[in-house]
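Each of the two complexes below includes subunit A, the first together with subunit B, the second together with subunit C.
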Partner chain A sequence: MTIEHLDGNALAGPLGELFTFDATTAVGRCAHCGLTGPLAALRVYGPGPGLVARCPGCEEVVLRLVRGPGAAWLDLRGTVSLRIPLPD
Partner chain B sequence: MRRLIWRAATLVEVRAETATARTLVLDVPGWPGHLAGQHLDVRLTADDGYSAQRSYSLAAPADGERIELTVELVDDGEVSPYLTEVIEVGDQVEVRGPVGGWFVWRPESRAPVLLVAGGSGIVPLMAMIRARRLAGSRTPFRLLYSLRDPGRRYYAAELRRPEPGLDITYLYTRTTPEDWPRKAGRVMLGDLAESGWPADFEPDCYVCGPTGFVEVAADLLLDLGHAPEHVRTERFGPSGG
Partner chain C sequence: MGIISRGFRGRRTEGGDRLPPGQYLEHGFPVLSAGPTPRVPLDRWEFAIDTETGQTHRWTWPELTALPAETPTVDIHCVTKWSKFDTNWEGVSLDTLFEDVETSVEYAQVYSYGGYTTNLPLEDLLDGKAWLAYRYDGEELEPRHGGPVRLLVPHLYFWKSAKWVRGIRLTNEDWPGFWETAGYHNYGDPWREQRYEGD
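Now for the complex of A and B:
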């Protein structure tokens, strides 16, 4: 990838519209290479037509988010799991 | 925490930082407070309904419902020309935040801190320096601030005042002040080795700036033996402005 990218910190606002927790501190596992890390460390390309977050290890797509009129589309097919830190 | 909502923000004060950057102080009723390093989204909506939004780092700890951001003019940007050249005290924008819980420093943290700023990447790092001061923290901080030329320095007067436990190194990539000991050039391994902390001190490293700068500086820190989990990064992409 030679296109300049942002990082997963840029997902904080758009995902904050959906979730009540800060998703960028959630630790995800890449469905392609198995790398784990916080969503904040993903490589994010966008903003239009949507945000595409790629794994910093294998560059495969981990997450996609499109905000349209009246709805948001969240595609998590590149994510095996998300571990979300929560207080007890 | 609850889902993010847009709030009305009123501009109450403007401070020029450089020829192209200014700090905006906004009054945001209902602002829930934030951590140093967090950012917020700003949304502008035109009369015809067209809207554009951008993410900006918060430059200082919250003062009640008052927040500060520093905005650099991006020539062909959609939002920054308005925020740097048009908006006046009393005008309103919409903001949403705070967001981002990863690139943050908490005053209760005891690990030494290395801040590495490229250009306007200083903004969230300045919030950390100010949060340290506000908390009376004695955690040692070092700042390596990379700039194109001396005229681009943000917060120049404030950073010139000596502050116990905060060491600052400036690095110029194109033009240096007169008689500057280091030749103009991009950040190198030696800069981080000399101005940073040894890796075995296990400092928390925060690197913020344009994507290319962050990639280089973060890789150099790893080369110096810093563990990846101690190197947190935040990139400004090309879509800014």
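Now for the complex of A and C:
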């Protein structure tokens, strides 16, 4: 059985281009099944045509990221919210 | 400078005029996936065309494979920049499936097992431009390449040729699909290099 996906740590570089914090440590809630966990625990497909990160519980899409020339498209509709660790 | 120029010329020459702008010639068959590969048992497989009036035309696997088959040999072009020449397919022309379908709409939304969607004008599926393909290179189409059945629309970037195709919804409005809502071009003509929104 071929492993089709990577784990969410594969998002660290591409999301690091957009955010000033390490987005893989942000804790999200799947909009479909409610499973909560860090983005690092997502199942990541890609990289082409884009990165598709799916919930490890229900396999629905949590996040999509397409990097084009001069722009990136980020779709977070599959996550209810992200809890981002920040210093006080 | 000399080395870079020769490199670019060499790559371009390999595909010649058959290679759309920005593409390179690939001899393998890369697998790109946006999710887990669905496994659809043939006794439960079905394809549907849903019209704007609520009519549904359905085909089971035996019904699809009993229709007249064609064997198109076509060049395919992936938006990730590889192209592959002379790919051999077997399947049913969409013209055959649309023979008894009455519709007056302009848009088609293609949907797949596994949840993938893509959109294109209905006219791009007709007049010998598209097939439901179930064999590749003389063998049954492997699940990783979209088997048991994938859409084949070779004149557009290959993300429009939906793997694991399940049906086509005919709509009055154009509904952007999976990649079309994430930055990719709504139409995707490789010869006009319509990769991203705004190209």
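As a working rule, the second predicted complex is superposed on the first by the 85 of 88 C-alpha atoms of A that agree within 3 Å, B and C clash if a C-alpha of one lies under 4 Å from a C-alpha of the other, contacts with A are read in each partner's own complex, and residues count from 1 in each chain.
As a convention for this text, a contact is a pair of C-beta atoms (placed from the backbone, for glycine too) under 8 Å apart; a residue touches a chain by one contact, two chains touch by 3 or more.
Quick caveat, the model's predicted, so the values are computed rather than measured.
Undergrad: In the superposed arrangement, does A:Gly46 touch subunit B (first), subunit C (second), both or neither?
TA: Both subunit B and subunit C are touched by A:Gly46.
Undergrad: Once the shared chain is lined up, is A:Pro87 touching subunit B (first), subunit C (second), both, or neither of them?
TA: Neither partner.
Undergrad: Of the two partner chains, subunit B (first) and subunit C (second), which one does A:Ala71 touch, if any: first, second, both, or neither?
TA: In the superposition, A:Ala71 contacts subunit C only.
Undergrad: Could you tell me if A:Gly13 is touching subunit B, subunit C, both of them or neither one (first, second, both, neither)?
TA: First partner only.
Undergrad: Show which residues of subunit A both subunit B and subunit C reach, each in its own complex.
TA: Looking at subunit A, the two contact sets intersect at 4-5, 46.
Undergrad: If you look only at subunit B, which of its residues touch subunit A in the complex?
TA: For subunit B paired with subunit A, touching residues are 1-4, 39-41, 55, 96-97, 99-103, 211-212, 232-239.
Undergrad: Using the touch definition from the top, list the residues of subunit A that touch subunit B in their complex.
TA: So the residues of subunit A touching subunit B come out as 4-10, 12-13, 16-22, 24-25, 38, 40-41, 44, 46-47.
Undergrad: Would you pull the subunit A residues touching subunit C in the complex into a rising list?
TA: Contacts found on subunit A: 2, 4-5, 45-46, 48-50, 52, 54, 59-61, 64, 66, 68-69, 71-73, 75.
Undergrad: Using the touch rule from the top, collect the residues of subunit C that touch subunit A in their complex.
TA: Going by the criterion above, the answer is residues 32-37, 78-80, 115, 144, 159, 179, 181-184, 195-197.
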